[in-house]
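Per-chain residue numbering starts at 1, and chain names A, B, C, D, E and F are given in the order in which the chains are listed.
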Amino acid sequence: MNLLTVSGSPHIHGDNSIKKIMYGVVFAMIPAILVSIYFFGLDAVKVLLISVIACMFFEWAIQKYLIKGPLTINDGSAMVTGILLAFNVPGNLPVWIIIIGAFVSIGIAKMSFGGLGKNPFNPALVGRVFLLISFPVQMTSWPKPNPLFAGKVLDAITGPTPLGNLKGELRGGRTVQDILEHGTKMIVDGKEVLYKIPDYVQELLGNMGGSLGEISAVALIIGAIYMLCRRIITWQIPVAYLGSVIVFTGILWLIDPNIYINPLFHLVTGGLMLGVFFMATDMVSTPMSPKGQLIFGLGCGVITVIIRVWGAYPEGVSFAILIMNAFAPLINKGFKPKRFGETLKI
Amino acid sequence: MNDVVIYAVISLSAIGIAAAVILFFIAKKFKVIEDPKIDIVEEVLPSANCGGCGFPGCRNFAEALVNKSNKDKNIEGLNCPVGGNKVMSKVAEILGLEAEEKEPMVAVLCCSGSKANAPKKVNYDGPATCVFVNNLYAGENGCPYGCLGLGDCVVACKFDAMYMDKETGLPVIIEEKCVACGACVEACPRNIIELRNVGKKSKRIFVSCINEEKGGVARKNCKVACIGCGKCFKVCKFDAITMKNNLAYIDYEKCKLCRKCVEECPTGAIHELNFPPKKPKPEKVMEKQKTETVSTEAKVVDNKPEKDLNTGG
Amino acid sequence: MKTFKLGGVHPAENKLSNNSPIQVLPIPKQVFIPVSQSLGAPSKPVVNKGDQVKVGQLIAKGEAFISSNIHSSVSGKVLKIDNITDQTDYPKQAIFINVEGDEWDENIDKSDKVKREITLSKDEIIRKIHEMGIVGLGGAAFPSHVKLMVPKGKKANLLIINGVECEPYLTSDYRLMLEKGEEILIGTTILMKGLGVNKAFIGIENNKPDAIKHLTDLAKDFEGIEVFSLKVKYPQGGEKQLIKALTNREVPSGKLPVEVGCVVNNVGTAFAVYEAVQKNKPLFERVVTVTGKSLKNPSNFLVRIGTHSSELVEKAGGLPDDTGKIISGGPMMGKALNMIDVPIVKGSSGVLLIEDSETERMAVKNCIRCANCISVCPMGLEPVLLAQYSEKEMFENAEKEHILDCMECGSCQYTCPSGRPLLDYIRLGKFKVGEIIRNRGKK
Amino acid sequence: MNQWKNFSKGFIKDNPVFVLLLGLCPTLAVTSSAINGLGMGLATMFVLVCSNMVVSLIKNLIPDKVRIPSFIVIIASFVTIVELIMEGFAPALFEALGIFIPLIVVNCIVLGRAEGFASKQSFISSLIDGLGMGLGFAFALTLLGAVREALGNGSIFGYKFIEGDAILVFILSPGAFIVLGYLIALLNRFRKTT
Amino acid sequence: MEYLIIIISAIFVSNIVLAQFLGICPFLGVSGKVSTSVGMSGAVLFVMTIATIITWLVYQYVLLPFGITFLQTISFILIIASLVQMVEIILKKVSPPLYQALGIYLPLITTNCAIMGVALLTVAKPDFDLLKGVVFAVASALGFGLAMLLFAGIREHLDLMDVPKGMRGVPIALVTAGILALAFMGFTGLV
Amino acid sequence: MAKKESSFLNMVITLFVITGIASLALGGVYNLTKEPIRLAKLAKAEKAIKEVIPGFDRLEIFTVKPANGTDSLVFNCGYKNNELVGTAIESYSNKGYDPTQIKIMVGFTPDGKINNTAVIQQKETPGLGTKMTSPKFKNQFVGKNPKNFILKVKRDGGDVDAITAATISSRAFCGAIQRAYETYEKKVQNKEQQTQDVVTEEQEEE
């Protein structure tokens, strides 16, 4: 017989593990991955693969050669970051830029702090915002969605995102009504084309310009339901986030529908769904108590709308989540879970 | 000289003087006195901020020194172990006092339960710190008094004066570096480390065991345990050894370093440090004596002839 | 169905010995009876080396307010009074007795007849319970007579009998409820009288439907006793959780159950009280579950206090070769032993053998701040934070975060996906914070 | 004191930016290019050297209570001189450095050196100390500027070595923090090993 | 509206620490704990407001009329230094609790670019009157406080983590500040 | 540390002396650098003027109330042999990406065409908005007459190719030219109508 083992209680452990959580998230992203491949074809595959491989490589290399700690490369978190980074960039992004993004995500935003669990900011978003600011040109020229089975060969036509187009046109002094009805004249490769913001059904399904993973609200919601059922995420952040966006944009829309577009548009366009379900829910960089999570979601929603409506950027989701990430420690400090026996109740 | 220069001179001087005057009067009116000696004393202290003096930091210690010297005209009981007598006499000089001479001390490890002497009986699975294990059970070697070998003391030492010997599984104190701050004594949950006087030429004799179990039980866990047989007690001519709870203790203030007890001890629980080897008998050659590591030479102990040990209960 | 709201987990139940009736374990050749078996001060031996003792004879007296009498569990000769390694793994004083025959004290009623009518008064009951050395058999071994003496200014109005047995593997309470249902109810009535209340709830988790049914049927004949079925959730057996589940009263942080008018006792305690009061029988034996996945016959034994655990294991089929861990108690709160030769004491509810493959803990990874530990903590604490504060030796902060509220149920560590040793650190923190508070009190 | 040691300590061992972490505002703000960093570094060095010299010269004439105000006036004068000269003779640099030129006044290094060193040491020592510290500061700023410019603009001292886009962030505010952070980490590693 | 723009701009868009690089030393130095960062922010708010008022007055009514604006640096620093010292002395005597809360940070403030920087920025804006200057100063101080508070929260959080050896301390603090600045860039264009 | 005793008098005197010397020295330096500073400023302005209007030997400088906006514009009319060769107008826009005003110099030939443009001040994002100084962007204005060259980016229905990913800066740039142009037009018309609503201020140069 071997030597007996002594340890503190408890002596049994539940079957939950980091790996199960992370691969659960990967699994939940499969619908969105499929949609992105459907609309962007091989480009999507390329960006996804490079991003995932680069993220995992940097994590491995830094752990092995710089930190010299245990290797945790197969726990799946680098893969999640990789996929989410790819989800947040246009499908035609040059390879070297993706690699820089992966390096920033993993090297600067995650491993500098000690790896999984220690980063105060969402790594994929840090990578994305870093790229957005560094390479605004490349990061804002979106390939037009081109369904795989539509019979056309893929060409390098780029188009705007509905949000970007709307914002640009509004700044140019047009009204919402006008933009939606008449579309925008654009010069693409010297030719004049008319761009029209797609209708809501198309937007829901993902047939619009945008980052790889953000386009299809339906696919993202399917993944989110899966994660909710598996209890990988909780409902607080998504509900508070979506709710505050709807309420805030709703109020603006009621004030003047000519300047402010309706809440539905805000919901289905841009990276809102991706952010709400996959990025604002990253447990590492968000508050822990249910109350704190509600506050977090609320803050994200408000900042998102402020940036979308008044800021320089057409899209505010990434910034909003990052800014609220910074608030997370304070929220954790301020909103504690309710303790048993805290209040006398007889 | 043109207008600009004149204006410049006038207005700047005005501002300057206004500031000076206002400040002067305000300073006078709102004066708060702080003893300037504190700063001077603080400068002398080693600023290791180790807490060895019992205060959170050197600054607090300086304050305490100044306050005590102002109040009691002495600084008895206050000592900086890091700076030692040199610093304390300097402080005393600043404060116009005589510092008490403290005998230099050094930490010693009173346990020889190395992997060889006290083999492992169970596995421990959990965070590797001594406090944990001490709260949980007796430890891997089963001795409820012995060193747990997880190195809380080493972590506590701010002066790199300790390290864990992988082979013996015991911490080792590097005497040259030890400043007797007592951090390790504090850290050890089992009170195994003791501060003792350095002694003449660093020679020391001490019982390297604190097991209070009866001999038989103690020996079951560890070959070199003190079994409380009292032989050393009998042989000591200077009353330096006391017996209590099946355990011998050597008072360093009384011990004359005669080494009688060392030979007498049947288990080899009494250790001598920094004595020249007696007679170069082949088995007794110190096989592993690094210049800086002086501790429980497991090998030496092992070479002692086994004696009948049924003395205990 | 009732249960508590905050937190909780549901580990695999593994009640392997459910269907094995309580067997009487043969009397061993020698017993070792530690003199500190209950919470509070150790008792003082009143016998000497060489004394002849009978079963049920007082051998150590609890003199402090919180301490209990200890009686011999066998008849024979006192070999010596010496240190022995007990559950805690540290040397403790114990009385060694060599067994000679099985001669019981004359006062003990050895008959099987169930005695229903209660003749003693409230105070006599309490005195009897004190005399007979009854302590709580639910785990903490708190002297039962102390619990019955409600502090001045407080008033108890409800007795709760804890038949939850929420720990996986353990079945001793379950078997007792099935086999000694009536006695338990009589014991309950005695406790009600001792406490001066006219209502008692018995809480049982609904993974023991036959016990619920059995007791419900019997309880019809007893006034004021009600049996409740509870949803299975660990740690429902924790008294604060049980009170919350049954009555929705919340014991304030740092306070005792009497604060909300409740007193909680284990079913085993109720049975022991019955025997003490009605049969004059001191607490010298108890039901212990011996179980483990590799064990041949997981069983429930009626064991004399002081018997080595090894004898139980031997009887249940011998120590399996792949035993990696021996636990006294259940897998969630029990204590790992570093040897099998440890005497059974009043507080031992089970001996659990864990096989090699389940011995090793999960590898420790970084905390991913998933908040699982927070959501399962039945005390509404933030285990991750408490553990971090302890790890970084920020004990003042830990105190502010109410580390002392932790009841060491282990739910947090059980659920942590990163396998963090949360409870280990929290235990350390509680220990240090306790020290700090005590020092503060001194100053 | 060994004057060489006195001079060289500011470079690595006691580098005001990397080790003492003083004067971080200009360090971060103006180093979007190597030339700006150098300019700022030299301006600070000038003030540092001059004020060190003057302070050590008049240290015995100044009553203790007005020591600090006097030093501040001296430093501020040199800062203003730098300001005026730069505006006249290097207007482009003046514009690029903007508000951070007058802010040399509040740079802790300058006052710290005047108060901590020059007011106690001889003229020569103070001069050398000022030079050393100033050069260390200039070196740090130039290094930081060079790294940021290289990464953010693909050029060093305006000499472009890659065509096309570089990583813009590095010449913006986040880049300043991040590059300095990693430079310090690198230097710590380097200092530990040597 | 104008005031709102000034406020939003000073707090979020051109945050004094994260975008303008003023007051970095205290930002890194005393942000170890949330409580100290609150104290420091309070002290900055107090001094910054008073300093801005006085320097603005001196600039408008002394330096500008006499055409000696080149003395701006030297006179501002003199004023700020004496002001800080004065506040310190007075606080120490008059309100020890307030001194305990704010006073220990006061010496740090003299060599804090934020105060001087805001004073310089205020007089450099031609369209600022005294009220706007004060609003600007208060908002800048609040921006400083916000950055400090967020940063202190994160650093307290990081204290509980084991950051890799090489990055521990200042490097990780700077990287964190960098990412924070990155996040705050989202506010660009708001005004 | 040789310390001098502090008394009220010597403190005040010391400070007085130090501030006195300091301001004296500064006043001196100021006087010395006054001229170079003025020249440097001038040189900068003139450099821009020279860039946007062809060779002139005399400048006529005056300010004009703008057609829109608040700050008046500076007109620099360049004459060669007393013949108008071009008008350099310093115009501005507050609508840049950075809150800092964008200042540009626009040169018009007497027939109203844009001769050239020069950026005097801008703090746009390096790599993006700053590309407004690049010839690729600027050259598209050369020789165009705003009468038939709509000074708006193409997205807004104009004729100007915006800088990639810096539409905002491009708009601001166009806006500044437009302002200069409109003011110029107004001025020309006004001059024709002989209405003197502008302050003229003649100054000889060179």
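One rule holds in what follows: contacts are C-beta pairs under 8 Å (C-beta built on N, C-alpha and C of every residue); 3 or more make two chains touch, one makes a residue touch a chain.
The structure presented is a predicted model; accordingly, all values stated were derived computationally and were not measured.
Peer 1: What is the chain whose Cα centre is as far as it gets from that of subunit C?
Peer 2: Computed centres place F farthest from subunit C.
Peer 1: Quick one: which chain's Cα centre is the longest way from subunit A's?
Peer 2: Chain centre farthest from subunit A's centre: B.
Peer 1: On a C-alpha centroid basis, what's the spacing between subunit D and subunit F, in Å?
Peer 2: 32
Peer 1: Could you put a whole-Å number on the gap between the CA centroids of subunit A and subunit D?
Peer 2: Distance between chain centres: 41 Å.
Peer 1: I'd like the Å distance between the centres of subunit C and subunit D, where a centre is the mean of that chain's Cα atoms.
Peer 2: 70
Peer 1: Using Cα averages as centroids, what's the distance between subunit C and subunit F in whole Å?
Peer 2: Here the centre of subunit F sits 88 Å away from the centre of subunit C.
Peer 1: Residues of subunit C that touch two or more other chains: which are they?
Peer 2: 89, 336, 338-339, 359-361, 421, 424, 427
Peer 1: Provide the list of subunit D residues touching at least two other chains, using ranges where the numbers run on.
Peer 2: 65-66, 69, 73, 76-77, 80, 84, 165, 168-169, 172, 174, 178
Peer 1: Which residues belonging to subunit B are in contact with no fewer than two other chains?
Peer 2: 4, 8, 11-12, 15-16, 19-20, 23-24, 27, 121-122, 125-126, 132, 136-137, in rising order.
Peer 1: Could you run through all the chain pairs that touch each other?
Peer 2: A-B, A-C, A-D, A-E, A-F, B-C, B-D, B-E, B-F, C-E, D-E, D-F, E-F
Peer 1: Which of the residues in subunit C end up touching subunit A in this complex?
Peer 2: It is residues 6, 9, 11-12, 89, 168, 240, 244, 249-255, 260-261, 319, 321-327, 331-339, 352, 354, 356, 358-362, 365-372, 374, 377-382, 384, 402, 405, 408, 410-411, 413-419, 421, 423-424, 427 of subunit C that touch subunit A.
Peer 1: Which positions of subunit D touch subunit B when the two form their complex?
Peer 2: 65-66, 69, 73
Peer 1: Tell me, which parts of subunit A touch subunit C in their complex?
Peer 2: Checking each residue of subunit A against subunit C gives 1-2, 4-14, 16-18, 20-21, 72, 75, 77, 114-118, 283-286, 288-289, 336-346.
Peer 1: Considering the complex alone, what residue numbers of subunit B touch subunit C?
Peer 2: The contact residues of subunit B facing subunit C are 121-122, 125-127, 131-132, 135-138, 142, 144, 213-214, 217.
Peer 1: Contact residues on subunit A for subunit E in the complex?
Peer 2: Within the complex, subunit A touches subunit E at residues 66-67, 69, 108-109, 111-114, 117-118, 120-121, 126, 129-130, 133, 303, 306-307, 310-313, 316, 318-320, 322-323, 325-330, 332-333.
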